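Okay, got some structures for you below.
Below are two complexes that have chain A in common, paired first with chain B and then with chain C.
Moving on to the complex of A and B:
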C-alpha cells in the first residue's frame, strides 16, 4: 500500500479515536447533577411552565417551590446564573436541601443558565466537576461556563446589541444570561431563558429576587451587594445587620447605564425588588495559578496572594484563600438578612424560613481542616 | 525555580526544538509542547483539555477558510483585476489621496467586523494588485495591508478587544468611537504614506495602463463587481439595521463566493476551494495548536505566572511591561491578550480615563496579530501579495509597531486631559 495512504490512515484513526473519547466525555457532562431536595420543597416546576417555548431545550431548568404553612411574601433565588461561579449554585442547592419555609413562598432555580452547565470555556483549563463529601456520601457537582453552550446558540454576532436598550457588548455576551434581561419571547435561546425568569416573577408575583454570583478577586464589585433603587432601603438595612455579623459587604447602586443585568432590568421591568450578591472566586480570575477542583473549593492560590501584595485586588487575600464555606455562607447570610429586612419593611407579606446554616456556623466556627467542602457537605443530603 | 517556570521552560524548549531542530510544522510543535507541558505539570496526557483548547478558534477558522474561498473566487472571476484597473484609472492623478483611500478600503472590513483577518483577506487582497500596479513593491504592499488590517480591527465602530477589555470591568461599549478614531486614523494615513508614497508619487498612468487587465470589465461590465458589493452589503446590513439577523462572516463569504461563480469567468469551484483550503491549512493548524498550548498554560498555572509577573513591575515600568507583554501574548491571540492582560493593565491605570485607556490598550493588543507564530495579519498579508516569507513583513513593520505603541502610551498618559476636551 502507498506509504502516504498508510500514514494518512493512521493519522485519521488516531484523530477519530481522540474525537470519540473526548466526544463521549463532552456528552456526559450534559447529565445534570443529582439534587436531593429536603422536606422544605413542596413541589417542583420547570422554567418552561412559565414560558413553554423553552420546553425540551437546554434553557429549561428546574424550579424548586418551597411553600410555608402560613401565607406571606414571595422570594426567588437564582443560583447558577454563571455556571463557573459555584458559590451561587451551591447556596441555591443548600437552600433546596436544608431550608424549610415557615411563612411565604420561596422559588429556587439552582441552574438559572442551565445551558452554561453543559460545557466549559476553551483555554480556561477549568475542571469539569468538583466533589464534596456530604451526609449521603461524596457528590460531584458540575463546574461550567459563564455563558450558554455555543451548541445551543451559535454563531455569536460580532457585536451583541441588547434589545431593550441598544447597548453594545462583545459578541460572546449574547450567551451571557445576565446580559439578556428582561429577555425576549422571540429572541435567542438565552434571551428566552431570561424572559422565562421574568415570566415566573410576573406570574407568581415575586416580591424579592436574589441573583447569586461570584467575581474574580481583581474585579471591583466584589464582596458586594448590587441593588436596584427600589430595593435600596432593604439592602441598606440588611447590610447593617451583615456588618454587625462580621461580614464586610459593600452596597452598590445598580448602574443605570449598564443593561441586561438582573439588578437593573428586573427592577425596571417587573415589580420584584432585585438584589445581586458577589463573592470572591479565584477559579474564574485572570490572575489565577494552577486551575483545578481544589482551587474551586478552597480558593487557595499563590498568584492571588502575590497580586494582593501588589495591590491589584479588591478583597483581602492570603494563604488561607476563600473557601467555599465562606462564599456560600455570605450568600446564605445575605439572603437571610435582606429577607428579614424585607419582612420588617413589608410586614403584611413576610418571608420566614429556617434550617439553613449561618455564616458563623458554616465558616467562622468551622474546623479549618474541614473548610474546602467538607463543612458545607454537612448541610447537603 | 517555581514549578510553573519549569513547565513554561519545558514547553518553550520543546516548541523551539520541534520547529528548528526537527523542522516540524509549527502546529505539530505546539501540540508536542502542550503534551510535554501537561506531563511536566503532573497532568498526564489530558485529552479533554488538549481537545477543548483547540475549540477556541472554531469561529476564526471558519472565517479564515471561507474568506480565502471568497478571495480565490473573486480572483478567478476577474473581479479583482477589474476593480484594480478602475481605481487606478480614476485616482492616479492624486497618489497621496489614492493611498489614503486605499488604506481606508483595506481597513473597512476590519472596522465593521473587528477582525484583521477579514480585512486582510478581503479588502487587502482586492487592494494589493492596485498598490503593486502603482509601483509599490510587494513587501511594502504587504506591510500596508497588514497594518491596515490591524488598524481596521481597532478603528470604530466595531472593536472586539476594546469590548473585551471594557467588559472585564463592566464598562459598556459606549463613547469609544472618538478615542478609537484618534488612535487609528492618523496612524493609518502615516503608515500608508511611509510605505507607499515614495513609490506612488512617481506613478505614470501611461506606463501602467498597458499592464492593467481591463478585459473582465469590458467583457462582464458591472456584474463582475457584484460579489464584492454583496459581501460589503451583507457585512454592513446587520450593523446598520440590527433587527436584521447577523448572518455571520462565514456565511457572508460563502454567499458572496457563490454569487461570484456567475458574474465573471467560469470557475472550477472544487479546484478553487481545494486551493483555498490548502493555502490556509497551516495557519488553521497553528490556531488549533495555540488553543491547546494556552489551555495547558492555564491548567498548569503558567498563565498565572506570566500575568502576575507582568503586573508586578514597578509603576513606571508598567508601560514598558504592557508594551511588551500584550503584543507577545498576542502571539496566542490578540483577543486573548486583551482579556488576560488588557483587563489587569486597565485596572492598573484606573487613575487614567478608563474609556480612552481601554481603547489605547486595545490598539496595543492588535499588534498580537503581527506576532509569530500566529501573526495572522502578517501571514495573510504576505500570502495575498504572493510573498513566500511572511517574516520579512513582520521585520519591516517593526518601526510602525513601535510608533503605534508610543502613540497608544502617549494617549494613555494624557487621557485625562484628552477626556476633558472630547465631546
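Moving on to the complex of A and C:
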C-alpha cells in the first residue's frame, strides 16, 4: 500500500511539474514582444480606438503613428498579418524603431493579427521565439501562427463562408485575417479585427496601404507584389525602380474572384490603394529540413537547396539561404519605391520619410558573417 | 507475457507511423506545378539568332498582354520611360487595332490575371491568336517581349510563348526566361531577330532602338 502511495505521489508531482512548466510557457507566449519605438513615433494608439468592440481581446493591437512636420498623404503598414512570416513583422518594427516621417503620416501595425502571435501551429515544430542581437542587446521576437488562436475563436466551421462575397473556403480559414476583409462589426473575432483595420483606413483617410507577407519557396507567388487595379500604376512604376536597383520581383494583379484579402477588399471597400508583398521564408515551407530559429533568420536549408536543383522552387536557392536582412530589405525597399511612385502621382499629398536602411545597406553591402539577424539588429533599438 | 509486450510495441509503432503520416498534410507541392527545370542553353533547333540591326517599328503602338500577367503594366512603364507612348489594352481584339502600326505583345501567364480578367487560358489564346493574325494581315510590325524571366515560365506561361513568336518581327527576352533556349529556338524557326538582356531593367534600350 505504502509503495503504491509513493508511486502515485511521484506520478502526481511529475504531472504537476509538467503542468506548471508548460502552463507558465503557455501564459508567457501571450505577452507581446517589447518594442522600442524611435523618435519618429509621435503617438501610440490601439486598433480598438477605431472599433471599441475589440478592446480587451487578443484582436486588439498597437498602432504606431508617425506624423511628419509637413502635411501630406497617409500610409498604413501592416506587419504580422501572418505571425509565422517574420520579415513582415520585423520590417514593420524596423520602421517604428528607425523611421522618421518628414511629410505626411505613417501608421504602422506590427501585429495585425495579434492573436496569431499567442500560439503556433501544431505539428510544425516551429520555434516559439527567435533572438536578434540589437543595439540595445539581445531581443526575443515571437514566431506565431498563420491564423488567430483557436482559444480566441472556436470552433471552426467545416466550411468558412466569406460574408461579403459568399466565397467558400476551408473552415480553418475563418481564423486567417487575410481572408476576412472587409470584416464585419458583428462577425467573428478575426472579422472584427479586419473590420477595425478598415475603420482605421476610413477614419484616418489612409491613401496607401502595404500588407507585408512571406511565402514558402515552393509557392508560385513569391518575391512578388500583388496590386489592386487602383494601385497598379503606382505598383508598375515602383516595380520599375526596384528592377533598376537589381531587385527581381514580379508584379501580380489582384484577382477579382479571390475574396477576403487586403489587396482585393481594401481596394474595393475603401479609398486606399492596397499593395501586398511576399518574400521567401523557408521556415513556413513544406520541403524544409530542421526547423528552428536559425532557419527563420538565415533561411539556410539543405533540403531547399536540393529542391531547387530538382526544379521545385519559384525562387533561386543555394547554400547562402535567404537571410532575414534580404527579406526585410525587400519589404523596406518596396515600401520606399512604391511610396515614392505614389508621391510622384499624387504630388498634392506626398509621403516622405527617412532613417530606414535600403536593400543595399541592409543586405547587399553587409558582411556575410553578419547576415541572419546581426545586420538587421543594427537598425533595431 | 512476451506476446503481449510485442503486441503493445507493435501497436505503439503503428500509432507513431500513423501520426507521422498525418503531419504531411495535403499542401505538399505537386512537382508538375513547378517551373520547368532548365534543360539546355542552346537553341534546340540549332539555328543562329541575331539581334536587331536597325529600327523596324513605328507609332502608333498598341500594347497588349498575352497571358494576362501584370508584365503588360511593366512594359507600359518601360515604353513611357523610353518616350514611346503606347495605347494599352490588356484584352485588345482585332477591332482595337485601329490605325496602329505596331503591336507589342507582353508575354506571361498569370492565373491571378486570368482570374481578374474573368477568362481562362484557352479563351486568352483564342483572343491572342485572332489579334496576331489580324495584325499580321494588316501589315503591322509585331514585337514580342518576354520580360518576366524564370518566374514567367512553366505550364501556364509556356502556352503563350509560341503563338506570340510565330508571326513576330522581333523579340526581346530576359535571359533567365530563356535558360532552356525555348525562345531562341522559336526565334530561329520564325527567322526573326531576338535580343536577350540580363534583367527587366535592360529591356528599355533595345525596345527604344526598335522604333524609327
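The rule we apply is simple: the second predicted complex is superposed on the first by the 364 of 381 C-alpha atoms of A that agree within 3 Å, B and C clash if a C-alpha of one lies under 4 Å from a C-alpha of the other, contacts with A are read in each partner's own complex, and residues count from 1 in each chain.
Throughout what follows, a contact is a pair of C-beta atoms (placed from the backbone, for glycine too) under 8 Å apart; a residue touches a chain by one contact, two chains touch by 3 or more.
Here the structure is a predicted model, which is why all the values come from computation and not from measurement.
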item: Touched partner set for A:189, first chain B, second chain C, both or neither; value: neither
item: First (chain B), second (chain C), both or neither touched by A:218; value: both
item: Chain B versus chain C as contact partner of A:286, first or second or both or neither; value: both
item: Touching partner for A:246 - first (chain B), second (chain C), both, neither; value: second
item: Partner chain in contact with A:25 - chain B first, chain C second, else both or neither; value: first
item: Touching partner for A:155 - first (chain B), second (chain C), both, neither; value: first
item: Which of chain B and chain C A:310 touches, first, second, both or neither; value: both
item: First, second, both or neither for A:362, with chain B first and chain C second; value: neither
item: Contacts of A:123 with chain B and chain C, given as first, second, both or neither; value: both
item: Common interface positions of chain A, toward chain B and toward chain C; value: 123, 218-221, 255, 257-258, 286-287, 310, 312
item: Partner chain A, residues of chain C touching it in the complex; value: 22-25, 27-29, 31, 33-38, 68-71, 73-74, 76-78, 81, 110-113, 115-116, 118, 148-149, 151-152, 154, 199-201
item: Footprint of chain C on chain A - complex, ascending; value: 123, 218-221, 223-224, 226-227, 229, 232-233, 235-237, 239-240, 243-244, 246, 248, 250-258, 286-287, 310-314
item: Touch list for chain B against partner chain A, complex; value: 4, 41, 47-49, 51-56, 59, 112-115, 158, 160, 163-164, 167-170, 172-174, 238-239, 242, 246, 248-250, 291, 294-301, 304-305, 307-308, 311-312, 336, 339-340, 343-344, 347-348
item: Interface residues, chain A side, partner chain B - complex; value: 18-19, 21-22, 25-26, 120, 122-125, 128, 155-159, 161, 166-171, 173, 218-221, 255, 257-259, 286-292, 301, 303, 306-307, 310, 312
